[in-house]
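Common to both upcoming complexes is subunit A, partnered first by subunit B, then by subunit C.
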Partner chain A sequence: MRAAVTILVVAALASVPLWLRDPYLLNALITTGIFVVGAMSLNLLLGFTGQLSLGHIAFFGIGAYVSALTSLGFDVGLPGGVRLVHAPWPPIAGFLLAILVAGLCGYFVGLLSFRVRGAYFVIVTISFAEVVRLVALNWVELTQGPLALTNIPSIALPLPGIGELTLRTKMQNYYLVLVVALVAYLLIARLVHSHFGRAMRGLMENETLAVSVGIDVTRTLTLAAVISAAIAGAAGSLYAHYIRIIDPEVFAFINTVTMVIMVISGGKGSLAGPVIGGLIFGLLPVALRPVMAPEAQWIAYGGVLIAILFVLPRGIVPSLAQRFIRPRSGAPALAPVALTETGAKEPA
Partner chain B sequence: MLVLGGTYALLGIGLTLIFGIMNVVNFTHGVLYTFGAYIMFIVVQQLGLNFFLALPVAVLAGWLLGAAIELTLLRPLRGSDIDTTMLVMIGAWIAMQSGTLWIWGGVAKSVATPLPEAPLVLGPVSVSWLRLFVLAAAALLILVTYLLINKTSLGRAMRATFQDHDTASLMGVNVDMIYTSTFAIGSSLAAAAGALLGPVYVIFPQMGDLAAVKAFAIVILGGLGNITGAVIGGFILALAEELGAGYVSSGYRDAMGFVIIIAVLIFRPTGLFARAERVG
Partner chain C sequence: MTARSIAMNIEQVAVRFGGLVAISDMSFTVGEGEIVSLIGPNGAGKTTAFNVMTGFLTPSAGQVTYQGTTLTGLKPHEIADLGLIRTFQRTGVFPNDTVYDNLLIGLHRQGRVRLLDAILGLPGARASERRLRQRASELIEWVGLERRAHDAAGSLSYGEQRLVGVALALAAEPSMLLLDEPVSGMNASETHRFVELIRSIRDRGITILLVEHDMPMVMTVSDRIVVLNYGRIIAEGTPDVIRNDPAVIEAYLGHGAGRA
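Moving on, here comes the complex of A and B:
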């Protein structure tokens, strides 16, 4: 039943470019899809380890810049008279490097999260994102600063024997984003249901108890941060190659807030939550555009965030799931995980 | 530099009070700062009233707006976890900042002052009268806050709530009232800082964002709920920014606050002046 629903949803999503001819709406769907991937990665940290990273856009932006610079090439002077010259590589290499570098940054932030928690972790992550933004703004030689990196090439898929397929049209990019989103979704689903996923949730629910049954806090949190950052980096890379121009505004705090709203409204700690929340809040501006000024839209955004926290504090998906779906044996993703389960599976 | 230090200290004290006593990460602090600056603009430029009258008006307006936010958004959420209140404050911040942008537009405004243009020259140092006034007003407000916290019964109740709100409540302290007053006082200090710095720089809807982060840096530097720490932290941040701008690059002036936050939390997470506080 569950599998059938999943296949139906995927088929429906895959059919969209076949009947939707409006390029503006397709464009909105592609950018929404990219942000949904970002929101899914944020959910891995926020929903499954309970760490609120409000600098998540940093990983997204780092992915975008790494990917863009890899495929554009650069020539910068470093202190000590050394010049660092890089010839352009294919965009697909940029995509992979973006995942790698963003994951590495996630590693350092993850290490930090072991030292500071709660409000302090939030402030550290915000500061991290702002420092990265200021570097992108001021290191003009590398990033062009506010002038932006332009003419970023579209992603080209190497096809063995045939040559290359450059993804220029909206339809091609739609499918690219859909495939990446599916891979990210499956990866996160797999992870959450693994031993590691149970360790994460055990930590979130009761850290002392989790530690006492042998869960390694640093390792678990750091690994979650690395994977989350790597997925966000992939999303950033897609963004750079689709929009084809990036400037330091990509690091704006409001973008993190958008992702947080997507996760919280959809339901943190549920796999489908960020997807539902992401689609709603990604497409809401499109729906509101004819009736509201942009400033009024943002007022509505803030108001909706507050309203959701007051009315549906657990998010749309968990609240609906609780109402309509009876819990089955085999524990769906939403059920709280008993710690004893983790402990029992731990080899003695 | 001294001018900035004084107003930074005001911002920091406001935030450290709210953070320390209520355990709320107040993202509306920057908006209150912007709000104070716009009150200054309305009173001086649009109503044509006295410049010196505008400061108390801004303080009062900040107090009222802070009390309103506390009563409508925070009081119903008493007992929820810190993440929920933080996200609600983020929502309030986005809504209010966009409201500012909607009402006054994105064009920067400036406020004319009646103070003499020619600077005051004291030997090798020359200071503008405006900056001197800002420093004096900030010092006065810091002193008033200090006396309020340490010499009045309201202040005693606030300190008791900071230490243990359950016990304070048992001793007959009206904790709800203390929370509302704390938030209102903190907000009025942020509004005062905005009203003071508005005429020095220009006024625009996003001016509060950096101010808020700087306030967080000061609070982390000085330690949670530590007023003296916030004052010293304010001056340290102002000094660090000048040094950063002078020795690294002026583009990185505003990065100093963030660098300080990260460095302090890595190496000394209890703040520079705190005795012992929990971080986790």
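Moving on, here comes the complex of A and C:
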């Protein structure tokens, strides 16, 4: 049953470019897909460990810049008269490096802040994103600052024996984003259902008890932060090579807020939550564009978010699962995927 | 009593919170396979002692050694890795998870697999997962909670939650178990069953240190009792010795019971 639903959903998503010919809508779907990947990575931290990364866009932006610079090449002067010169590499190498570097940043940010956690983690992540934005803005020799990095090459897939397939069309990029999103989804699903996921859940629900049965807090949370940051980095790389121009505005706080809204509205701590929330808030601008001025749209987003959380307080997916999927005999109505703070406050 | 090898040695441990002395100079030992109870009036420092032994608190002075390893400076999860596992007075379960999932989390120490194996679903990780599920079912059966296995742990009665807590601790494969007031909130028949449970845990070769207020229960189950009052040990011995110790009677009933 579950497998059938999964296959159906994937098939439906894969069929979209076959019948949707409007390039504007396809473009919206691609950028939404990229942000959905970002939201999924945020959900791994927020929904499964309870840690709010309010600078999550930093990992996304780092992925974008690393990938862009790897494929564009650069020539910068370092202190001491040393010049650092890098010749352009294939974009696919940039994509892999983006994952690696973003993951590494996740490791350091996690290591720094998880010893204290909670509000400190929020503050460290916000500061981190702001610092990275300032570096991108001011290290003009490397990043072109506000002039932006332009002409970023599209991703080219090496095909053994044939050559290269450069992904230029919207349809090709749609499938690229879809594949990356599916891999990220599967990775997160496997992770949270494994031994590691149970350790994360244990820490979120009852940290004292969790450590007393041998769960290492710092190691578990750092692992989640690394994987989360790496996935965000992958999304950033896709963004850079699809949009083909990036500037320091990519680090803007509003982009993190957008991801947080996607996760909260869809339902944090559920695998499908960020996908549903991401699709809603990613495609809402498209739906509202003919009827509303951009300024009014922001108000509408707020209204939609409030409406969703008013009707479905735990987010769309967990709340609907609770309402429509009957729990096993005698068990309280509690979705197995939904482990929210509100759930903890109301013992069933 | 036959001479046992020492499992845990508490040497001159003191805990002070600012000016408040929670424990002053506490020394005692627990032998391998022994059931020892730590008793005393409220505020005597029993839970504080537990927190020191499990790494949640660093003592102001003194040290605790377990099977030859000094515990000072070790984190709680590192102490758990030595096989020293505790239960909690309250909040002893993961409330939003089913009893079954609680035990799977508790089996953390048995389920360590490599990250990549788990993500790729390699046979090693899958076999480990099957073993864990099997073990979780066994433990649930052992504490007699089969009917509640798929209920959220937070929805169980206090007595049942205590059982989940003990099963969780056992899931971590302890060589020594520290039980913090395990029968409080249980009725007489539940307590009786719990005593049986403690004995069968000991019969598996697990050393037990118990903090408890229920005197009949303590007197039945313990090999030896250590009595704390105001952070000091005031008596130590077999249940019979403790029952008749004047210092203990005074601590529990007050000085001059007639006036109380």
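The working rule: the second predicted complex is superposed on the first by the 317 of 348 C-alpha atoms of A that agree within 3 Å, B and C clash if a C-alpha of one lies under 4 Å from a C-alpha of the other, contacts with A are read in each partner's own complex, and residues count from 1 in each chain.
By our rule, a contact is a pair of C-beta atoms (placed from the backbone, for glycine too) under 8 Å apart; a residue touches a chain by one contact, two chains touch by 3 or more.
Predicted model only: the values in this text are computed from it and were never measured.
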So in the superposed three-chain picture, is A:223 touching just subunit B, just subunit C, both, or none of them (first/second/both/neither)? second
In the overlaid three-chain picture, which partner chain does A:212 touch, first (subunit B) or second (subunit C), both, or neither? second
Contacts of A:187 with subunit B and subunit C, given as first, second, both or neither: second
Touched partner set for A:102, first subunit B, second subunit C, both or neither: neither
I'd like to know which partner A:118 touches here: subunit B for first, subunit C for second, both or neither. first
Have a look at where A:199 lands relative to subunit B and subunit C in the superposition and call it first, second, both or neither. second
Following superposition on chain A, which residues of subunit A contact subunit B and also contact subunit C? none
Touching residues on subunit C, where the partner in the complex is subunit A: 54, 56, 75-77, 80-81, 85-86, 88, 91-98, 101, 104-106, 108-109, 111-113, 115, 118-121, 125, 128-129, 132, 150-152, 154-155, 168-169, 171-172
Subunit B - residues contacting subunit A, complex: 19, 25, 73, 76-77, 80, 82-84, 86-88, 90-99, 101-102, 209, 213, 216-217, 220, 249, 251-252, 254-255, 257-259, 261-262, 265-266, 269, 279-280
Touching residues of subunit A toward subunit B in the complex: what are they? 52, 112, 115-120, 122-124, 126-128, 130-131, 134-135, 137-138, 253-254, 257, 260, 264, 293, 295-299, 301-306, 309-310, 313
Listed in rising order, subunit A residues that touch subunit C in their complex are 187, 190-191, 194-196, 198-199, 201-202, 205-206, 208-217, 223, 328, 330-332, 334, 336, 339, 343-344, 347-348
